[in-house]
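Here the chain labels run A, B and C in written order, and each chain numbers its own residues starting at 1.
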C-alpha cells in the first residue's frame, strides 16, 4: 500500500501511457466484434508484425540515439508508416484467408474461433521461425541482425531518449510519455471522425447494427468488413510504434499477452463501443499498475484476467455499454 | 482429400459389416481389439513405433489426450460450451497429487487420486457457476483467463512449488502379475526378445508401458459411463440445450444445471487425467500446463468431430501422436498445428468423424436436394 | 386415433359445474424501456375450457404467452396459476408447475428425432439424475422406459407414430407443428398454450387440428389458443379474449365478440377468414 502511495504519480502516468497502447489495440478487437461478432484472436499478431517491421525499418535507416531532431522525426514518421501499412495488410490478409471462407459458409462460432486461433499460432510461429525461414534462402547470415534471436526479446535502437519535460508532484513526465498519450488520443479522434462522418464509417455502423438491412440499402458487406479489419490493423500499427517507443523491445509472442489485455480493455469499455475501447484501455492500464503495486508485480498479468472475469460477470455490457451500431451520428 | 474420403468410406463399410455380425462374433472382435491395444507397445510395429521417443511413453501421452478429449467432449461436444482453459482442471488434478503426495504430505498415490478428482470437480463448479451464463465466445475467453490465472498462480506460489514445481510425486502402487516380452524387429521380422520385458503392473521409472495400461483401463471405464449418460435424460437435456436453449428451458429442462453438470464432469475427467500424468511423470511444474495445451485439447475434440465419441478419440490420437512420431520436426510443430487448425476450419469443420446429428443432417440435406432436383428414385 | 392413457391426464373432471380458475392474469403491465407491450391486461382461464386469445398483429398475444411462461417478468401485476402467483420462478419451474406451450415460429430440436423431442418433454417430471443414469439404477430405467412409452403414445395420438425416428428437421411442416404439440403435452401440463398452431395449414388440416384440440380438451387439459383464423376460433373456443395494442378490448363468448364493434374496428381491413 505504501508503495502505491509513494509512487502514485509515476504509476498513474505509466498506466496511462500503457493504457494508450491497450486502447489502440482494443479498437481493432472492438471494431471486428461489433461488425462480425467474432473475437479476432489473431489481432495480437497484427500488432506484433507492426512492431517488427517498425523496428526493422529503423535498423535499416541506421537509427541511433542522440541524433538531430529532424532525423528523429523522420525515423518516427517512417516507423508509423511502415507499421501501419504492415499491420493493415496483415489484418486484411487475415480476413481474406482465415475468416471470409468461413463467413461464406455460415460457420458456427466455435469453428471461427478455431480458425482464429490457428491463424494466431501460425503467424506468431512464422515470426519465431524467421531465422530458419531465412536460412532456407541462404539469407540467415546476411539478415542476421533482423532474423537472429528468433525466439528471444529483441531490442529496438533507441532513437528517442526519454527527456523529462515537466513534473507532476514527484514524477517527471517525459517526452516519450507525452508523445504516446497525445499521439494515441489524436489517432482515436481521427478514427472517431471516420466512423461518424465518412461513408465507409456509416457503412460499418450499418453492418454492425443490421447486416441484412444494410445489404438491402446497398452497403457492400464484404467491402465494409475489409475496411473494418484494415482500420483495426492501422490502429494496431500505430500502437506498435508507441509500444516500441515506450518499451523498446519486442518478441515473436509479444502479441499474445498484450492481445488478451487489449481485448479485456475492449470488453471493459463495452465491446463494439469505440469510446469504450478508449476508456477501457486507460482504465486497464491504471488498474494493472495500481493492482500490481498492491499485490506484487508477479501478479500483474492476473489483474487483467481477473478484471475481465469480474466485468463479464457483473457488467457484461461494459462501462459504456455495447454499441458500435448505435454510435450517435 | 479424396484419398482420405475413400479410406473413410471403406472403413465405414467394413464397420457396417462388422456391426451386422452375430453377437458372439462381435464380442470376439472387440476382445481381440482390446488385447491388441494392450499389446501395442510390446508389439513394436515398425512404422508406428516412434523412433525418437519411448513408444510406451508416447502411448501414455496419447491416452492422456484421449481421456482429456473424452472429458472435454462432454463440455464442448455434448453441451456445446466453448472452453479454452481446460488445462486448469488437468493442473488441479496433477497438483493435488503432487501436494498431497510429496510437497506437504506423503499420501500414497492411490489415496490422492479421489481427492484430486474431487478438487477438480469443485474447481469446475467454482469456475462454471458464474460464467456459464455468458455467451459462447465470451465463455471461451473467460475460461482462457481462468486457465492462465491458474498457471500464473502456480508459478507465483511457493507452497505449490513455484516455478520449479514439485518433485518426487508418488507413483501408482505396483503389483507383479506377469511379464510380457517385447517384439524385436531389428532383423526385419519379429523375434520375441525375452531380455526386454514389461511387468504387469510394475510402475517404475524407466518403463512407461504399465502407465499406459493403467490409463487404458481408466479410459474403458470412462467410456462405459459416458455411453450410459449420453443415452439418458442427461444426454438428451444437453442436446436440447445445445439445439435451442430457450426452447429447452420452456420444455422443463433446467438448462443451467445441466450445463454446470457437463462442466463439472468435464473437470472431473480432466483432473483424473492430470492425476495419472503426475503419477507417471514423478515431477510436475507450471511449464507442463501452458495455454497451448488447452488449445491442443480443444483441437483434439474439434479435429475428431465434437460430439462423436469415436471421432474425438481419433482426434486425440492424431493431435497427440503425430508430433511425437515426427519429433525431428519439433521446431515446426506449432506452426504446422496452427496451419492445420485453419485448414480444418475451412475444409472440414465437422471434424474427421462428425457426430451423427451432423451426418444425418447432411444426409437429410442431400435427400432434400435430390428431391428438389427430381433425381430421387422415390419420395 | 388412440387416446392418451387416462393415468397421465390431469385430475380434472371437465364436466364439473363450478369452474375453477386455472390461470389468472391480474392487471399485468409489461414495459420495455419506453414501449408498453401489455397495458393492465386482466383475464382468466377456467379449468377445462378452450380460451381463444385473438387480436391484430402486434397486439401483444405472444407477449402475453411469454409473461405467462416466465420468459418475461411483468413490470406490474400478477399472474396466478392455480391460485398462487408465478413470482420470479425460473422458466423450467413454471413448466414443471403445469404450463406448457408451443411457438409461433416452430422451435423444435431440429437435429433430434421426433421421439427424442417428445422424450425431452416427458423428462420434465423425471428425477433420476446423472448417477442414476451412470449406474443404471432402477429409477432411471423405469423413467426411461416410461418416458419412451409415453412419447410413443403421444406421437400416435398426434398421428406421427410412424415418424418417431425421423429427425425433426426432416418432417413436413404440418408434422412439425403437431410434433411441437406432442412435445408440449409430454411435459404433463395442466394448461396447454398454443401459439398459432394452424399457421400455414390448409382448410382440411385446420379442421383436423380443431378435432385434435377438442380431443385434447376432452382428455382433461385446459387450452389457451392464439389464432388469427376466425373460423377456427369460432369453431373451437369456448370463450375469447381480444387484445389490441397491448390492451384487452373485449372478452366473452365467440359469437358475442364477433359482433363487438370495437373488435371489428380493430380488425378493419383484415379479412375475417384470413388464413
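What we mean here is this: a residue touches a chain if its C-beta (ideal position, glycine included) is under 8 Å from a C-beta of that chain, and two chains touch if they have at least 3 such contacts.
The structure presented is a predicted model; accordingly, all values stated were derived computationally and were not measured.
**Student:** Which neighbours does subunit B have in common with subunit C?
**Tutor:** Touching subunit B as well as subunit C, we find no chain at all.
**Student:** When the mean CA coordinate of each chain is compared with the mean CA coordinate of the whole protein, which chain is closest?
**Tutor:** The chain sitting closest to the overall C-alpha centre is B.
**Student:** Taking each chain's centre as the mean of its C-alpha atoms, give the chain farthest from subunit B.
**Tutor:** Of all the other chains, the one whose centre lies farthest from subunit B is C.
**Student:** Using the average of all C-alpha atoms in each chain as its centre, how far is it in Å between subunit B and subunit C?
**Tutor:** Distance between chain centres, rounded to whole Å: 43 Å.
**Student:** Using the average of all C-alpha atoms in each chain as its centre, how far is it in Å between subunit A and subunit C?
**Tutor:** Centre-to-centre distance between subunit A and subunit C: 52 Å.
**Student:** Return the distance between the CA-based centres of subunit A and subunit B, expressed in whole Å.
**Tutor:** 35
**Student:** Where on subunit A is subunit B touching in the complex?
**Tutor:** So the residues of subunit A touching subunit B come out as 37-39, 97-98, 101-102, 105, 107-115, 117-123, 125-126, 129, 132, 256, 260, 263, 267, 296, 298-299, 301-302, 305-306, 308-309, 312-313, 316.
**Student:** Which of the residues in subunit B end up touching subunit C in this complex?
**Tutor:** Touching subunit C from subunit B are residues 225, 228-229, 232-234, 236-237, 239-240, 243-244, 246-255, 261, 265, 357-358, 360-361, 364, 367-368.
**Student:** Applying the document's contact rule, which stretches of subunit C touch subunit B when the two form their complex?
**Tutor:** 69, 71, 90-92, 95-96, 100-101, 103, 107-112, 116, 119-121, 123-126, 128-130, 133-136, 140, 143-144, 147, 167, 169-170, 183-184, 187
**Student:** Along subunit B, where are the residues that touch subunit A in the complex?
**Tutor:** Against subunit A, the touching part of subunit B is residues 76, 82, 130-131, 134, 136-138, 140-142, 144-146, 148-149, 152-153, 155-156, 291, 295, 298-299, 302, 306, 331-332, 334-335, 337-346, 349.
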